[in-house]
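In what follows, a structure is listed as structure tokens, so that the remarks can point back to it.
Chain lettering (A, B, C and D) follows the sequence in which the chains are written, and residue indices restart at 1 in each chain.
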Amino acid sequence: MIVMEPGATEEQIAEVVKEIKKYGLRADVSKGDFMTVIGPVGDERRLPFDHLAVLPGVKEATMVETPYKLISREYTKFFGEAGERRVIKVGNVSIGGGEPVFIAGPCAVESRKQLFKIAEGVKRAGAHILRGGVFKPRSSVHSFQGLGAGGQEEAEEALGWLHEAGEEFELPVITEIRGEAQVDLVAKYTDILHIGARNMYDQDLLVQAARKGKPVLVKRHFGASIEEFLSFAEYVAAEGNKDIILCERGIVPVGRGKSYTRYILDLAAVPVVQKETYLPVIVDPSHATGRRDLIFSMSCAAIAAGANGLMIEAHYDPREALVDGPQMITPDELRNVIDACRKIHKLVVSSQQSNEKN
Amino acid sequence: MIVMEPGATEEQIAEVVKEIKKYGLRADVSKGDFMTVIGPVGDERRLPFDHLAVLPGVKEATMVETPYKLISREYTKFFGEAGERRVIKVGNVSIGGGEPVFIAGPCAVESRKQLFKIAEGVKRAGAHILRGGVFKPRSSVHSFQGLGAGGQEEAEEALGWLHEAGEEFELPVITEIRGEAQVDLVAKYTDILHIGARNMYDQDLLVQAARKGKPVLVKRHFGASIEEFLSFAEYVAAEGNKDIILCERGIVPVGRGKSYTRYILDLAAVPVVQKETYLPVIVDPSHATGRRDLIFSMSCAAIAAGANGLMIEAHYDPREALVDGPQMITPDELRNVIDACRKIHKLVVSSQQSNEKN
Amino acid sequence: MIVMEPGATEEQIAEVVKEIKKYGLRADVSKGDFMTVIGPVGDERRLPFDHLAVLPGVKEATMVETPYKLISREYTKFFGEAGERRVIKVGNVSIGGGEPVFIAGPCAVESRKQLFKIAEGVKRAGAHILRGGVFKPRSSVHSFQGLGAGGQEEAEEALGWLHEAGEEFELPVITEIRGEAQVDLVAKYTDILHIGARNMYDQDLLVQAARKGKPVLVKRHFGASIEEFLSFAEYVAAEGNKDIILCERGIVPVGRGKSYTRYILDLAAVPVVQKETYLPVIVDPSHATGRRDLIFSMSCAAIAAGANGLMIEAHYDPREALVDGPQMITPDELRNVIDACRKIHKLVVSSQQSNEKN
Amino acid sequence: MIVMEPGATEEQIAEVVKEIKKYGLRADVSKGDFMTVIGPVGDERRLPFDHLAVLPGVKEATMVETPYKLISREYTKFFGEAGERRVIKVGNVSIGGGEPVFIAGPCAVESRKQLFKIAEGVKRAGAHILRGGVFKPRSSVHSFQGLGAGGQEEAEEALGWLHEAGEEFELPVITEIRGEAQVDLVAKYTDILHIGARNMYDQDLLVQAARKGKPVLVKRHFGASIEEFLSFAEYVAAEGNKDIILCERGIVPVGRGKSYTRYILDLAAVPVVQKETYLPVIVDPSHATGRRDLIFSMSCAAIAAGANGLMIEAHYDPREALVDGPQMITPDELRNVIDACRKIHKLVVSSQQSNEKN
């Protein structure tokens, strides 16, 4: 990591970048309010830090050995308070700002009518962003794979509905990209690109998604440690795209006998990720638990743990849903969740502040 | 499970018990406000339910196949609303009642002075019950094992301090029993018997502890599913002791790379256990995370998830502690945690109530 | 699953396929020596089995609820002994036949010279197939990603070397495909397409690879149960490609403290997969353990468990390797492994036969 | 760890021990053929190694930071080749010597007749040691807990049968101790004390068992890393009892969906434990898999991995067994397993030797 002097010129910055490239690495240039930080992308052990440190305009040049550095707080600590946490703006919505953000919608888009009815409901319930799956990752080839499975035309039609519903109800929209072939199409119609848990280790997909320049939501794989989770999010940042939303959605259950939830929601990941990175982190209680009757409790818990938002599956009639019915809640239930979460958020923030004053 | 008619006589009950014993099982007799339920202890498949069903005074006789039935809600649902959740009274403290209960104190009792100073601090912070380890389970024989390792006399001295400190600050006390040889001694000096996570699978210890007639706190083993957790708590209930406090304290981390916490706190276990059983469930964020800087967040999250209380390690000077210093908080920090948790609890309960009204 | 009468005509088969498609499913047609079996691809619950059962030429029509059916033994049991196990032919090599198959080579292709030297070594050691990574999946964007990371031209050059080395030493070649964009290129130069553990859940990649018509080697993800492993391999079969080689390479370690190996090699997966499917299953002890000094033992164990082959990383000088040096063995060590494994295989097969006679 | 000079006197050794005790630690004194090594038991950081190093007769005094040192190879490497691996003698049987040892018998002792019939069968099959559970650890209080559950008298009767059967068929016997209260009784009747997986973390039980001076078999807990496994075995060694047999029997399955085996047998633990310690390590394929049809394969694999023996459940009629029927094999099947394993063992040893010569 190379920290430039506050007054470093563009030429001096370019010189450092050029030097880094000479050794086969790429360079990430981040400009804060007061200073610029340059992060090498690649194996830093090849760089001559002694030499870099004495280039004009360079304040500090140090090797960082962690697998994630471009998304680490280490990297932005030179930018002053404002730079310490990233706020991602999507339309009128700020993710990672003061207020928790609620993403809601059906597991899968099934029809224009279904989507609009749910969009209307979640908007009314207080949600900020509309979700809806067009390409569904499924463990069995013998299950419904989303309308996207019907071919390019059907996929585009479903994505179009999503876009329209977003316009109609003033909700930015997000949908999952399951394979590289879907990146362009999804980026054309949606505001946030969603990389699902199953694809977290798919570095090529992360790179392709990052390059569209839109915010990327990365879910933690259910077999991944937090270190691995952040190391793969780094693939997005290494493409120059720092608008990354991290999402905890549960890790694999351990032990014999029933666990009663689909995955184990690791809520400590929320404060841990916030301490390690400057990125917002949200929680998906729907996929984590797979149980409608646990959504309220786990949503409250996630916000109390400090989550910057939630992603919740909602449907006006969960029994009708083709996918994941047992984990969806109704718009009315969603409103209760959102109301409770907002109050808890306020309370926790004020407790923390009085805490810090003492 | 045999449900007796509301007006069943003692003789009729005794007759059913006698019949159950005939087949080599024991019988657990639970009396609710309106009716009595008899739970066979042992392999129910040996029982002639058709015959039991027609005995005088018997309303219903059905086989229950789950490995935990005496602690299940199934078992008390005949008792009316009052019987649905167990409230455990220890001195003036009610565990599982309306308010969350806070258990706090040092990881290990190190001296009379240390203990009293901490007891004073946690009392002032609002804690209800004092904890302090005398027999410390440790992964390495080469680590400090608690004062109890010094022999009977030292153990008794340390337990005496705990008892005294409880009297002095009006705090019921709890300490861990690590082996069967310690049961009598610990039961003599403390109000709640604590079976640690490492000993959860130790059915002989559970049975011995249960027989003392005092409340037993059972921690979930870090490799146990919820089903196993409840199945082992059932060993306590099978001795006729239903004063069981269940405690979630994290399961083993999964995956390669750093997880940043010692264990994974499974907060969904809180509502799940409350749906499965009538027992109170508390959370230990100290052992789960092993990190002082996560206690506030994870305590708030646990209470938001509906936990009936928390068990937190506290020390006036964590750096001085012989065991687990990195996870202890000060009494001042504890007060902030307790204050925030109380407010969150109130908020969640009122949200849930308005939720249910809708 | 629809089993046709031994003498069913092409027209009758076509009629069944047509009927299945009417309900939105695809149909997999498998012809055995005596009869034809048709497997619907998609949600079988939509099909009218009663109606299918009475179509001309149909012997049996039954719903199969498992997520993997096209690769199950259930599916081929009507084909007689010959159909019971699939033997995959690649050049002169038979995978899944009587003899264990050894795939060996460097973790990453680094240069033409390095590759040829290793190819010569592993050929001499008795290996049948040459491996070498061009697109390396890595947990850190800051690590060497294989020559494929240098762009299309460099990737094609490296793949060309692999092809040439295969020709020169008469070894079919295999390399990993990490993303969909690489499928065409890799299929052009190699004999077997390798889907790595990290990509196992990437169903779009599996489908793309399957469509090239070449054998596909699918590694089990380190967070996947065997059921999930087989369910994702089914994606390949559902494209009509049954030339699938399954590979066990370890699951995530569990517990606190050191595990001493990178992953936990689940050798019971070998006989389990062989009982569940008709596909060959091989084992990769190199990635599973990450330790050169365990390759001999774990290779012997894998073959003793019945594995149809091994995939082992080898290098003439492991210390020089850019990736995974600590887990590579030399060609000389490889020869010892192969020799021992062949003898163990013979011994186990003959013990099993005498076992079955008794 | 303090290594004494080859000619160190008893007085010099006593002086070192005295010095160690002064700091509150205990001392383990191990005498090899040429020299004596003293291992402090307790927190070595308290010891003044500089001072210890200059005591008369002391060759080297160094701090060892691992949680297991008394059982580590580090500790015996000064004893010459003979000291490098511990051979445990029980009657005529040598565990950890050149030949693999087979322990077999029923899961639970059910009657004198059942036990004798099985003992006769396993003897004929080639087994060396007879197993049989009297105190059965069970996940459900509602399951059969072994004859030991019937009280002291019944327990003693069943243990007596075990002892008699051992005499009759010249087989040393082993049975599980589940709680401290059973230690004396079990030690009276059996040759090896068996600590089950569920009790591995029960340090008090390990200490009590160790003190009987008989060999102790310690099974790895299904949630324990290898480091934890060895750290708890160290509790036995710290009592001066180095006759420890380590047993791998599977760790908890990971992931969603079916795993098809009860636990995941971690066979790499075999060579790892042999590299880390001088103790013999055996494998229990019965509890690991829970499936009779996998015993042959996993036994062969365990021996191929280098295991010093196997512990296998056997019954003349598995369908009749009260516990674990589905995982037991018949004496005839056992003979096949033992025959195959012996041949594999020979083959692997000779391959390794020729390997080392090259």
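What we mean here is this: contacts are C-beta pairs under 8 Å (C-beta built on N, C-alpha and C of every residue); 3 or more make two chains touch, one makes a residue touch a chain.
What you see is a predicted model, and the numbers here were worked out from it, not measured in a lab.
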| item | value |
| --- | --- |
| Given chain A and chain B, the chains that contact each of them | C, D |
| Maximum centroid distance from chain A, chain identifier (CA atoms) | D |
| Centroid spacing, where centroids are CA-atom means, of chain B and chain D in whole angstrom | 33 |
| Distance between the centres, which are taken as Cα means, of chain D and chain A, whole angstrom | 48 |
| Approximate Å spacing (C-alpha centroids) for the pair chain C, chain D | 37 |
| Per-residue overlap in chain D, given as positions that touch at least 2 other chains | 139, 222-224, 228, 231, 252-257 |
| Residue ranges of chain D in contact with chain C within the complex | 223-228, 231, 251-261, 264-268, 270-272, 275-276, 288-289, 293-294, 296-298, 300-306, 332-333, 336, 339-340, 343-344, 347-348, 351-352, 354-355, 358 |
| Of all residues in chain D, those that touch chain A in their complex | 139, 222-223, 252-257, 262-263 |
| For the chain B and chain D complex, residues of the former touching the latter | 40-44, 67-69, 137-144, 178-182, 198-199, 201-205, 208, 221-224, 228, 231-232, 234-235, 238, 252, 254 |
